[in-house]
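There are two complexes below, and they share chain A, which is joined by chain B in the first and by chain C in the second.
This part shows the complex of A and B:
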């Protein structure tokens, strides 16, 4: 099982290195362990996260890609769909039927033909367009809805922090 | 600031409940995994009588009647993949020691792989499943040793990969014939949506549409025998397609599929 997972992870790493999606870099943290990855995600243009470079780790199960990885931001980030401890809560990280925050039925879900690239692209869209229905971070969702300029301020602060400024 | 801390506190409580639910679910799944092999040994079908109370006459008389025509069965694990796994095991069993038929299936597998690529599926997401499917299939070319097949299907590495590839075949077939099948969908707007939620993910249960698509895609008819509480004397047979004469039979009890063998 782990052998097939490893083969798949290596293929995806190769693919991501050869054709990196814009604003995304990802790969294993160490060559000894292909099941723990680090990704660098650039905040999308035209959003308060613009210019930020956010670090998030991906942890792959032994039966990947039958089961999805989990993803957790290491960089501080205040966002409706990211738990205060950094864990990312979006539908593509869950198989259908597994509904931690009651996703809409049309939302993109995990299946073995999804990929790390698709997860990372979904995370970039999530940064650009937070989903404030049934959020992972209630404070962030509330502020996003009710006090957008304060939310944007916090986002811009996290951008500077992500750059070590 | 205080309110933020409180919020966080609540969040961790919710979190604990989520974790407890997840832990309980894992425990249940483990229990099922320990109790039932992915594909069980050959047993007599009338042993199913043990699962029903003496007063459950509807089930008991249907089982007794059915066991006269189908003496043996194999149970499959109830993990949502049971239809695909039951079908795959029985289909592979009929191919053992028949290299010509295996080659025909390999051609079909290659055709679906290139169709999937036409539909925009990345080869790195499809090839591993296809490769395992073909690798295991080729092992059956010159053997009729059922233990080998039991081993392939009880090793989750090969067994699950075969299931995934059958799911991909169904998805591919449905998307390429969506004009016809779209009419069967109730809650989904597009075939792509249906496939990515109900076909491609592991552990999603199969419905009529999956069965019809798989039997049409592979051109392998299957007979499903419905065993339920309906007030009839016999379990109800249904062949896919209707006018076919299948060699592969599957027993359906509400929510679950097992393999059965016609005498």
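This part shows the complex of A and C:
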């Protein structure tokens, strides 16, 4: 019998393919390695990211689900909570032990109750409502706060880029 | 492109070597002088060094083909990262041993680095076993072959270094000896992991003890590694100089040893908590839960009595999980995965009181609380019980005594213990096993029982004392009643002769309250109070005469 992390990832993959959440596709990149996933996220409607399809890679630790995976956008995306190199900074991906931002309550952090689906849904809602309180990308947060129209322009450009237009 | 260029480099180096050798032979015509010529000429030596380097790489590629096939991206990344550290450390080592610097020395270091790379790759490969759903026979034979080869080589080099040191005294060989010994320990740990993974793969059911085995093997091998480094450090310091290049690996091994020690401690604590504090869930109880998926592994929980691998535990917050899943989680976090209630804090006593009112599935498990051994709970919240005790026992008498002039409340014995917890109301709901568990025959159960009995006897003594006090008071109170009556009559008399202090005094009898309230009323009702006063006097005289 395979390791518990692998079995859980398989179970989640099965669940995600059977009842896929709207606007989200995710699965392992290769059949040989269930610990590296690729996900496609459509930008939520009514936001400047609308219609965009963003690619992000999820990489799972060996002790998943006891430790959270890490998520990194491959598509270029300008967003207050995404580091310029694509790493996603949301509380659900932080283990309760360490607190990089110093304000998150432990209730919104990682725990085995969370799942890949919940992470991706949180990321979609993060796209819709950026949190400029604890920015990973300071420039994006500043622009989001002070010059919303410019921010929206850049977001729309990234949408076009993500579609290869 | 890269491939093409590397092939070009290989080709050029071969051609160069060939020309250098042919050139030497053309000059000297004979084997021996041409070899001498080659070794004396710096430029031809440089070519030969380059050739050796290229050959090493080729051998590495060949070994890679044999034992690994295609390297994965993450393995390559690890390899490069570690190689850089190793090369830096090797350079540092060169500065330490600059007196011994020679081609032979460089060759030894290159060989060491070369073998180190394969150790890292083997480690990564074994780790990969946990990630991949399909492990082929080819994989197994490759990794076993590689590990056996590396082990033999390590042993051989350790042996060589040992013989050298014994024969010629301490030298650079000491460093190599220790390096290979540490590599040997590493390959041992890789092998243990491989064996554990393989056993796990053979089993149909998840093997819950695997984690424990890995923890302990890590601990033991980590300890050996730390010991080796410490010996090496002290030896080097004594005979040579401070081995700067060994600091980083030593620090790393110390840290990993500390971590594995910590892991073992946490895991032991988690297992103890699981075994002692939380009840198992039986199939009947499980059927009452609407959702029987363990949220940690996302698999259906099926309770089978007596089957250890699939035991289910219930936390005080009423969430259920696989025991093995919970244990690995508790090594990291001492909270419930679902609601994040801390499991180290036992439930507050108020919750215990509320328990019977909780949903029906709760009532099926009355053993939840009492299953906790007594001495486990005593230190957790002793104040609650002590305070409660004092109030319950102390409140009635202290009010009672306050109304009695001349009686001070006697000091109550301090109750520095808790009353025994009540057994569950409905014992029918418990199986024989549960009852056995409650009763127990281990030392702490017996201690708890004796403790309880002592508490009961102290409580009985205290109530005896109180009963005695109560009796005393009752006996005194009839006498006391007379005294109070005398006192009030005297007060009335005093009022009658209009002494203001007394009239202002708060009255004890209802009729007197009226008298003291207003002076006008007092005048109007003087006749009435006079009559009462006279009646009282008569009564008092009659009583005192009868007493005398």
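Keep in mind that, in the parts below, the second predicted complex is superposed on the first by the 158 of 165 C-alpha atoms of A that agree within 3 Å, B and C clash if a C-alpha of one lies under 4 Å from a C-alpha of the other, contacts with A are read in each partner's own complex, and residues count from 1 in each chain.
In the analysis below, contacts are C-beta pairs under 8 Å (C-beta built on N, C-alpha and C of every residue); 3 or more make two chains touch, one makes a residue touch a chain.
Quantities reported herein were computed from a predicted structural model and do not represent experimental measurements.
Peer 1: Could you classify chain B and chain C on chain A, in the superposed arrangement, as clash or fit?
Peer 2: Clash.
Peer 1: Please indicate which partner A:83 is in contact with in the superposed arrangement: first for chain B, second for chain C, both, or neither.
Peer 2: first
Peer 1: Quick one: is A:33 in contact with chain B, with chain C, with both, or with neither? Answer first, second, both or neither.
Peer 2: second
Peer 1: Is A:96 touching anything from chain B or chain C once the two structures are fitted on A? First, second, both or neither.
Peer 2: A:96: touches chain B and chain C.
Peer 1: After the superposition on A, what does A:11 contact: first (chain B), second (chain C), both or neither?
Peer 2: Both partners, chain B and chain C.
Peer 1: Quick check for you: in the superposed arrangement, does A:65 touch first (chain B), second (chain C), both or neither?
Peer 2: A:65: touches chain B and chain C.
Peer 1: Counting only touches as set out at the top, which of chain B and chain C does A:108 meet: first, second, both, neither?
Peer 2: Touch status of A:108: first partner only.
Peer 1: Going by the clash criterion at the top, which of the stretches 8-16, 44-52 or 134-142 from chain B hits chain C after superposition?
Peer 2: 134-142
Peer 1: Would you please give the residues of chain A that touch chain B in one complex and also touch chain C in the other complex?
Peer 2: On chain A, the residues that contact chain B in one structure and chain C in the other are 1, 3-4, 7-8, 11-12, 15, 63, 65-67, 95-97, 106, 111-113, 115.
Peer 1: Mind listing the chain A positions that touch chain B in their complex?
Peer 2: 1, 3-4, 7-8, 11-12, 15, 63, 65-67, 83-84, 95-97, 100, 105-106, 108-115, 137-139
Peer 1: Considering the complex alone, what residue numbers of chain A touch chain C?
Peer 2: 1-8, 10-12, 15, 31-35, 62-63, 65-67, 95-97, 106-107, 111-113, 115
Peer 1: Would you pull the chain C residues touching chain A in the complex into a rising list?
Peer 2: Per the touch definition, chain C meets chain A at residues 72, 127-128, 130-134, 197, 200-201, 203-207, 295-299, 325, 328-329, 332-333, 335, 337-338, 340.
Peer 1: Where on chain B does chain A make contact in their complex?
Peer 2: Its residues touching chain A are 4, 7-8, 10-11, 15, 18, 121-122, 124-126, 128-129, 132, 156-157, 160-161, 164, 168, 187, 189, 193, 196-198, 200-204.
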